[in-house]
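Okay, handing you the structure first.
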Amino acid sequence: MQKETEPESSTTVKREVATAARRERRGASQWAVAWRRFKRNKAGLAGLFIVLFFLFIALTSPWLAPYPPRSFQALYEGEAGQPPSWKHPFGTSRAGLDIYSEVLHGTRGDLYVGVGATVVAVIIGMVIGAVAGYSRGAGGDVLLMLSQVFYTIPLLPLILLFARVFSILVAQGFGLTLILLLLGVFGWSSVSFIVRGEILRVRELDFVQASRSIGASRHRVIFRHIVPNILTPIIITATLFIAGNILTEVVISFLGFGDVNTSTWGITIQEGITYMRTEWWTPVFPGLATLMAVLGFNLVGDGLSDALNPRLRD
Amino acid sequence: MAGITTYVIRRLLFMIPVFLGVSILTFAISNAAGDPISLIRQGLRSAPPEVLEALRAYYHLDQPLYIRYLYWLWNILHLDLGNSVSGTPVIDRMGMWVLTTLELQIPALVLAVLIGVPIGVYSARHQYSKSDVSITTFALFGYSMPTFWLGLMMIIIFSLRLGWFPSGGAAGITRVWWGSEFGDRIAHLIMPLLVLTYVQLATFVRLMRGNMLQVLREDYVLSSRACGLRERTVIYKHALRNAITPIVTILGLGFGSSLAGAPALETAFNWPGLGYQFVVATFSLDVPMIVGITVVITIMLMVANIFTDLIYAMLDPRVRLG
Amino acid sequence: MEDLLDIQGLKTYFFTEAGVVKAVDGIDFHVGKDEAVGLVGESGSGKTVTGLSVLRIVPRPGRILAGTIRYEGEDLLSKSEEEMRKIRGSKIAMTFQDPTTSLDPLYTIENQLVEVIREHQKGLSKEEASEGAMKLLEMVGIPEPELRIKAYPHELSGGMKQRIAISRALASRPLLLFADEPTTNLDVTVQAQVLELLEDLREKLKMSLVMITHDMGIIAETTQRVQVLYAGMVAEVAETHSLFVKPMHPYTEALLQAVPRIDQRRELKVIPGNIPNLINPPPGCRFHPRCPYAKELCWQKVPILEAMDDGHMAACHFWRELSLTGV
């Protein structure tokens, strides 16, 4: 009706509006609310769909793929180096790999590393963060320093070095697990910051001290107050972490430090470089798959972030 | 100003454990599977015996592990990085490689910030608009994509198929592109630069947009408006400066991880920088070289971090105290 | 006497994802010259949004939908953005609840004061503006202003920050100040000082003050007239004294009952229930779910503001019949 400037919301007004907009959902838990919000976020849903799709492929690839992993059968069938066709939807590499099968099998490997490394990192991060948060002496400071150091260290060169030095393990098929462990062991620092920060914050809250004074055990304090608060940022960080780890894994394999005997997207890209000019399909499709997978996890992560932190949305 | 100095000194001191951490890890890993000599033999069978002897002496292989580490650390601090398996001192070509990597990294970072920050601000101010959605999507693809793969795609299309740009290297070997030596370097620089800039830009757009959205909801933005300040002042003087401060720290880290991720991009483009050489050295288990490059990367990282810490302290008065 | 500010039928809604929040749903409000008026209510009653609406800085996703806002006879809602900008800070000003967040942490006090001074007084040199800033600090009673002026907000106490925020709002001697919960975030001892300061300044600058608060004690101390808001609508309007002695709306009575008293021994009465959902407000009178006197009519029909002779108004179907207790 009237001309209205539309400045963005301020915290003061947000408070008032949020108070005023409270629904009769006092019964519904925080999670149900968040889930409802997430459902409204189209991008997040798209991401979830992509992630589930890839999970599905990872689980069913042995049956879904026309060729077993690292099978150079196409060479023997005289069909190496062929562009995409009905028989080979993503074409074949010059060495005789069916790219379509390789991409499907690679899903398994890359998701394994991506998710596994995140799990490792989160566990280590939570432990270290918890100890750092609870200890009141130098120990806490040392752990904090340790977290900061690990946060700053450039991890790729070290991982590459490690992978190369322990190539024996890699050759025996432990390659992916090794990469997984390395990524996890170097990547936990952001989680530990979150956990430590939350513990420090909650520790000082009045009502926690009050409940301690009436005898509530430490466990109760942990589970009722700390855990719900750290779950949110950890979940979001973990999801984005998975995306990052997949990317890093692809880089590692591409550079040739991964397991040459397993199908991963990175290896396939690398193998396609020599004849990139003519057989473009070899590096293109695994890369697209990587892009899609990472995109999916990023979308889910962003969607969760929006849903669980409603401050930035109106 | 005392506050800034103490802060920077604190950060400098922090760099020491970082450096030690990296050096210990590198040393430990490279010695873990056996002493350097056998490793080198494993990677590069044809190293001449004199070189190996020199290495043996350099590493004091007759000493226990921790002594070796101290000797090695001592050497490094004196910039004596030993000789690589090819016999030449590690440090000789390091300078060249550093410059080559920086030739790519620095312009990319600068462009990414200069372009990314304004776009992020614009996106935040027009939240939910069509441009915001396209910008966000564009950025999303940028940081979901493997950088080196994008590089490969560009090579396939623009270089191998269309022939507009060279397909690799930092300078032409068989021919000089675009008329002059300068033009030649530019021709080789463009594609990797575009790729790297795009990917980094994506992160900055995303960060800036997020920070800006948050800051625009702060009370001081509302109170500035209530005092009748111009919108331009409110947005640029108050909101932007508050939003950009956390980004500065990210810059330092981002530079570091960009350096770390340089191997893949440089390999894709055959760009003879540090990352590329690192991959080569690691493959042939040329331990002195590996260590040398890691040290140099770490030093560059530390310098970048100190630099950004300084800027951060200048921007945000709150960190200067205590 | 013509009113300084005259609001009629103001409606400001927020168009959120969860629904349309009717934060201000038909409010009449007026402020005379040199008058201190209270705007009281719980959180979410619409009192802050009213102030923001006058200044037309209602944040997204809020919008003013209906009503007129007249200031010195002119309709503010038909002014252009640029005209409004000139009015903000110079004719009408507002201070906010949390002084820690209402000042920009990255700039010195001097910087923030000078920028406001120079905005409304073109042609002032930096030195002149700095001097002006110093005078502002003196005006609000900041000790050792030469030191404080170069300080950053985080180096100052809450009380000082709030005084500085007030001085910034008053830099151009506005005739109308909306003070949104000026003391809520401050220590008790400092609260009295700030209230005193506001009263002082009001007298000195011949300013009208709108005291937005939920604290009845502050209303008693600082205002001559008061308007009680509930859930975006006006519940009662009266001279402060009358309101306290003989409230006409059950909500006002409840508010007064909830104020702790040193001189009386009595139970602290809490108002049962919660503030209503403003997306789907209760039908009829919005207070009826929590009202001890509610009857069937209350949720059938929305009560309108009805006046007694002396300007005392209440929006209740039964204000004539009810005999409510004051303090």
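Note that the chains take the letters A, B and C in the order they are written out, and that residue 1 is the start of every chain.
We adopt the following convention: contacts are C-beta pairs under 8 Å (C-beta built on N, C-alpha and C of every residue); 3 or more make two chains touch, one makes a residue touch a chain.
Note that the structure is a prediction, hence the values are computed from the model and not measured.
**Q** If every chain is reduced to the average of its C-alpha atoms, which one ends up farthest from chain A?
**A** It is C.
**Q** If you average all the Cα positions, which chain's own average lands nearest?
**A** Answer for the innermost chain: A.
**Q** Quick check: which two chains are joined by the most contacting C-beta pairs?
**A** A-B
**Q** What whole-Å value do you get for the distance between chain B and chain C if each is reduced to the mean of its CA atoms?
**A** Those two chain centres are 52 Å apart.
**Q** Just the number, please: Cα centre separation of chain A and chain C in whole Å.
**A** 48
**Q** Nearest whole angstrom, what separates the Cα centre of chain A from the Cα centre of chain B?
**A** Chain centroid spacing, chain A to chain B, equals 22 Å.
**Q** For chain C, what residues touch not just one other chain but two or more?
**A** As it turns out, chain C has residues touching two or more other chains at 52, 57, 59, 96, 98, 101.
**Q** What are the residue numbers in chain B that touch two or more other chains?
**A** Answer for chain B, listing residues that touch two or more other chains: 217-219, 222, 225.
**Q** Using the touch definition from the top, which residues of chain A touch two or more other chains?
**A** If we look for residues of chain A contacting two or more partner chains, we find 7-13.
**Q** Please name which positions on chain B make contact with chain C in the complex.
**A** 217-220, 222-231, 233, 237-238, 241-242, 245, 315-318, 321
**Q** For chain B, which residues count as touching chain A in their complex?
**A** On the chain B side, the touching residues are 14, 17-18, 21-22, 25-26, 29-30, 32-33, 39, 127, 140-141, 143-146, 148-149, 152-153, 155-156, 160-161, 210, 213-214, 216-219, 221-222, 225, 253, 256-257, 259-261, 263-264, 267-268, 278-279, 282-283, 285, 290, 293-294, 297-298, 301, 305.
**Q** For a test of understanding, state which residues of chain A touch chain B in their complex under the given definition.
**A** 7-14, 145, 148-158, 160-162, 164-166, 168, 243, 247, 250-251, 254-257, 269, 273, 276-277, 280, 283-284, 287, 290-291, 294-295, 298-299, 302, 311-312
**Q** Contact residues on chain C for chain B in the complex?
**A** Of all residues in chain C, those touching chain B are 52, 55, 57, 59, 85-90, 93-96, 98, 101-107, 115-116, 119-120, 152, 154-155, 165, 168-169, 171-172.
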